[in-house]
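Here come two complexes built around chain A, the first alongside chain B, the second alongside chain C.
This part shows the complex of A and B:
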């Protein structure tokens, strides 16, 4: 290994990119590995051509990409590369877009892998025309596709209203918005006011929906999606305080496209694979990474930042990028420029504000486990392997009360996506059937390789 | 199966490329992901799933769910939501069946 330390950052979203930029400013090189073709993560996602669509790219994302390009001397951005394996010794296995996998050793490893949308299986959710809320937004942002059939959006949280407002703005026919949460209470609004700009944006989205006359159903969920070979209608059920259905669905709304999303959780597959300690904290997304003040995980030299560690939003991700850069400079015994010290201190100080905002978001719209009882016994929960709720429950009832065992028994979560889509639901179904708390069922874990790789690219002969 | 597309393109300055899907030639918007291009062409199911009657098609559009996989230029299990269309691309849709 050369005298120069090697810093590897996984993820080029706001957290990872900002960490790389702060390190570059302090004279430390880094390699940023990202599975997307362009930097910015999901929040600042754009297509290959910025100008393609009706939704203007977020200027913060445009700036971030420009700054990364300016610092190409210090930051090696490996776009379209996927980390498929990692060890506690900080050795990564990386799959490039084509060709054999490569091995990469890091002196400091920063995991900034972002969030995953939480999916809730309901009857009919595997029909063509049903998308994740984030997915519908990506079609719009990245490929300029606007739904040409009536749309119903369901789920909870800020993304629901953002996507709804974007649908209205781009001329999609939005038939209804179905929110599991109630209106934010005065106490929640007070917390949301900790980030006035975001609160204003949210109110703006709501007003846009009002102006367009879009009906908003509250304390309700899309409990079933009907159609023979594509979406024809959704059925809406009122929810109890725990978000289980109060009664059979009582309203039917005709539509051709459905978008559903119940907030986000940290993508902890890489920290899980390495063996970092995690803890269960529903307020920041469920299974989150245990970290100290320096954002270091329980494994020496491994840091976790942004929504990939614990859900905190984009402002928090940017701040943690700055903070982790200062931590890494200390670890490497490098001087920390005064500017970075100030910015890291400022970022820590503003944390209180962000935490208050996040707590209010969670108090208002945080996932409640009753929602996972909407799946019928014959509803497919694991889409990859075609496993139903009944099959998972029978595995749990035969004594496999730990998620890992129930997974091996039922094959739920054993498919190509490794449980990234069904893991949240499968864990609740197992815990519910076995009568244990969801954290007792264990953290969903992905296995090596994290993504499928062609055998020829792993077993390539040594040249 | 192809019916009236569920999506329309709002691309402001579209150029086009030709690709082949299951042997059929298709003109799609350049700079679009393959998943988006297929949806825009009215292809709304990408093959059978493993459960009876289940179909596979794009769901998350961000590389997570693997429901939009296809064989592209002979390489199986490619997530079409992560691949940008290229002229001459040969796409085979097989769903969960061996590609």
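This part shows the complex of A and C:
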């Protein structure tokens, strides 16, 4: 054992990777654990080889991976490893791609687990052929799979238009885009202009859709998905200002693939398991990690950065990677290189602009609770355990009016994914039935292991 | 209270299950009660239920710092059995098993008690001798328990690996056919609903922060996070946190609290017909009605109030499970959690009076509390209501650690932990 402090970073997306690079530049080694085969997170996701695939890799991602490879002397990147547990004492349980789980103690732990999609159950959403927008993107970017049948994309937010533009670009037949939000108002556009490059990109996506002649339905949602063995068509409903359906679905669009995404929220499974304090902030994704100026959580030595702490986008994630590196150097009593201090200060300063941009995105396309009333009473909400909306509502009506109590009573969220998919919807349904705000229903919580792991990989290895 | 029946179920099914009402109230505390039970787990709720049902005490409250059934009641592996060595233990656990048998009907709440048989494996000569001793002792007490050869054990539990060359070879087993499992949450909910219908106030999110005593030393009330409440009688049923509550009254308890872990696999079709225990290696396994294999581990070696145990304990248990059931080794671990168990030096519970007048305690169930829930609540209700122990819990005094009249299940092989 060396006396060198051990820094462990969970997540090799822009936030985690940038933190590791900044630490390496200051002479501090780190271990970066990530469940993907290659670094870059969802935003810079690529296939096994940068040269193939229908989507050109993001040059920032290419650069990030090259820099990580250059600093392999200081950064141990454990690709394909899953962190399945963690304690407040910063002891991680890690499942390698194959083989027994291991324990790993960290002197400083950085959680950069990124975002997860918010899923909205509607009748038919469990049919084969229905994907999250992020899921479609993974297939496109990592596995080079372009849909071979007509696609309808629904939901809201920037990701909807990004994925739509990627579909058009890669030659998929995009039958329609269904956006729950209206056009951004002039006020929102002014806010979006805080990040001119991103605004330009967004307009570019819109123009690409226009050129391809893709119809865009606004203030509307995919209210039902029809089909017997797979998706055959979607039905569109107009939305009220709270995003509940104005009337029964009218327009029907034939398609074979559906992608739906209502924005993203921080993946707070790990911070929740450790017991970090969280707070409810709809502007940055709902349940977010409580952090101080140094991006430290309420648990000593545990930091949370990037979209895994609070939704802020890729620029913010990169910046927080720099800031957290400076915080960790201070904690370890190491000198902070002057360049890093400057960059951290600059990153903090630019935060105001990012915040204005996020507020505009949120004002334009932020999730509204009415969307969760699209599920019919017999629509399955928890797909792992087959729990319907009615079952969750009747649990809440029977007095199990907090999420964890409703979970025990109805079993929603007790399956393989531990509520990662249905947690948002289940919390809203419980809160609505109990007549309380969604934050009063409590934060969805997962238990060890965060991903299922084979018994034989937990049992002691045989000699 | 709405009576649950096939008729109500069909009515509600026709109504898309929209008509179910709250199963118990959510009252604010009154200024005073005739008695207060501290702890809203299965034991505490059962105590309140029987106090109201059998002793007519309706002006009582159960105070729970979290949510009911959220402690060890909702964290155990639901094993029910009564084949303990000593007369005193056999009496109280068998009292519980008899109540389990009619509990769903008594509470009008399906606690899913399933007497599928509990098989305790012997892995060495000491196990064999000691389990046979248990079988004979149990029979003298009228408690069913029988010895099975390895082949008979395999016939009773077909997934079991009885090959002689494994690290923990199966040399036989003691089977209690009346043993089994129940749905742990439903036990808390059933007692809560029953107690509430009899007028008991169940107050959640209400932590006891102090015990108030009069000039004569007797209790006069409690301080809570929801304000002070007056009462002449307090029953403390707080499992792992009992020592903390009792310290508020100046009573030091002979208890140590350890984390104890359990886990479930992903759900699979019915593959496991019974409950199987392997005390030598700390592996306890059954299958839930949902299909998950429910597996219990041993306690951590060190005291702690953490509801997470060490990974090496789980590793040790799954090691044994994979050897006894090689076919389960590719099953995936779905959830793993811990509870805090309060353990006495002789591994038997403490149920009775304390040196403080008006203060009663029910604790020290170690790792075996769930199975005792109805019996424990039943005799403790008697104790709090009458101010003196029921004959069944009379030997389980706090005083025994001073007098030396221990009920030493710790020294017996199939220990009560």
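Rule of thumb we're sticking to: the second predicted complex is superposed on the first by the 459 of 463 C-alpha atoms of A that agree within 3 Å, B and C clash if a C-alpha of one lies under 4 Å from a C-alpha of the other, contacts with A are read in each partner's own complex, and residues count from 1 in each chain.
Convention: a contact is a pair of C-beta atoms (placed from the backbone, for glycine too) under 8 Å apart; a residue touches a chain by one contact, two chains touch by 3 or more.
Owing to the predicted nature of the structure, the values given are computational and were not obtained by experimental measurement.
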| item | value |
| --- | --- |
| First, second, both or neither for A:298, with chain B first and chain C second | neither |
| Touched partner set for A:101, first chain B, second chain C, both or neither | second |
| First (chain B), second (chain C), both or neither touched by A:244 | neither |
| First, second, both or neither for A:394, with chain B first and chain C second | second |
| Per-residue touch tally on chain A - higher for chain B or for chain C | B |
| Partner chain(s) touched by A:409 [first = chain B, second = chain C, both, neither] | second |
| Chain B versus chain C as contact partner of A:373, first or second or both or neither | neither |
| Which of chain B and chain C A:355 touches, first, second, both or neither | neither |
| Touched partner set for A:117, first chain B, second chain C, both or neither | first |
| Which of chain B and chain C A:87 touches, first, second, both or neither | second |
| Interface residues of chain A shared between complexes with chain B and chain C | 385, 415-416, 452, 454 |
| Parts of chain A lying in touch with chain B, wherever the complex brings them together | 35-37, 42, 45, 47-49, 51-54, 116-117, 126-132, 134-136, 138-140, 142-149, 170-171, 229-230, 256-257, 380, 383-388, 415-417, 420-421, 452, 454 |
| Chain A to chain C touching residues, read off their complex | 85, 87, 93, 101, 103, 377-378, 385, 390-391, 393-394, 397-399, 402, 404-405, 408-409, 411, 414-416, 418, 447-449, 452-456, 458-460 |
| Residues of chain B touching chain A in the complex | 1, 3-14, 29, 31-33, 36-37, 39-40, 44-45, 49-51, 54-67, 69, 75, 77, 81-82, 84, 96 |
| Complex contacts: residues of chain C adjacent to chain A | 12, 16-18, 20-24, 26, 67, 69-70, 74, 185, 189, 265-267, 290, 306, 308, 311, 314-316, 318-319, 321-322, 328-337 |
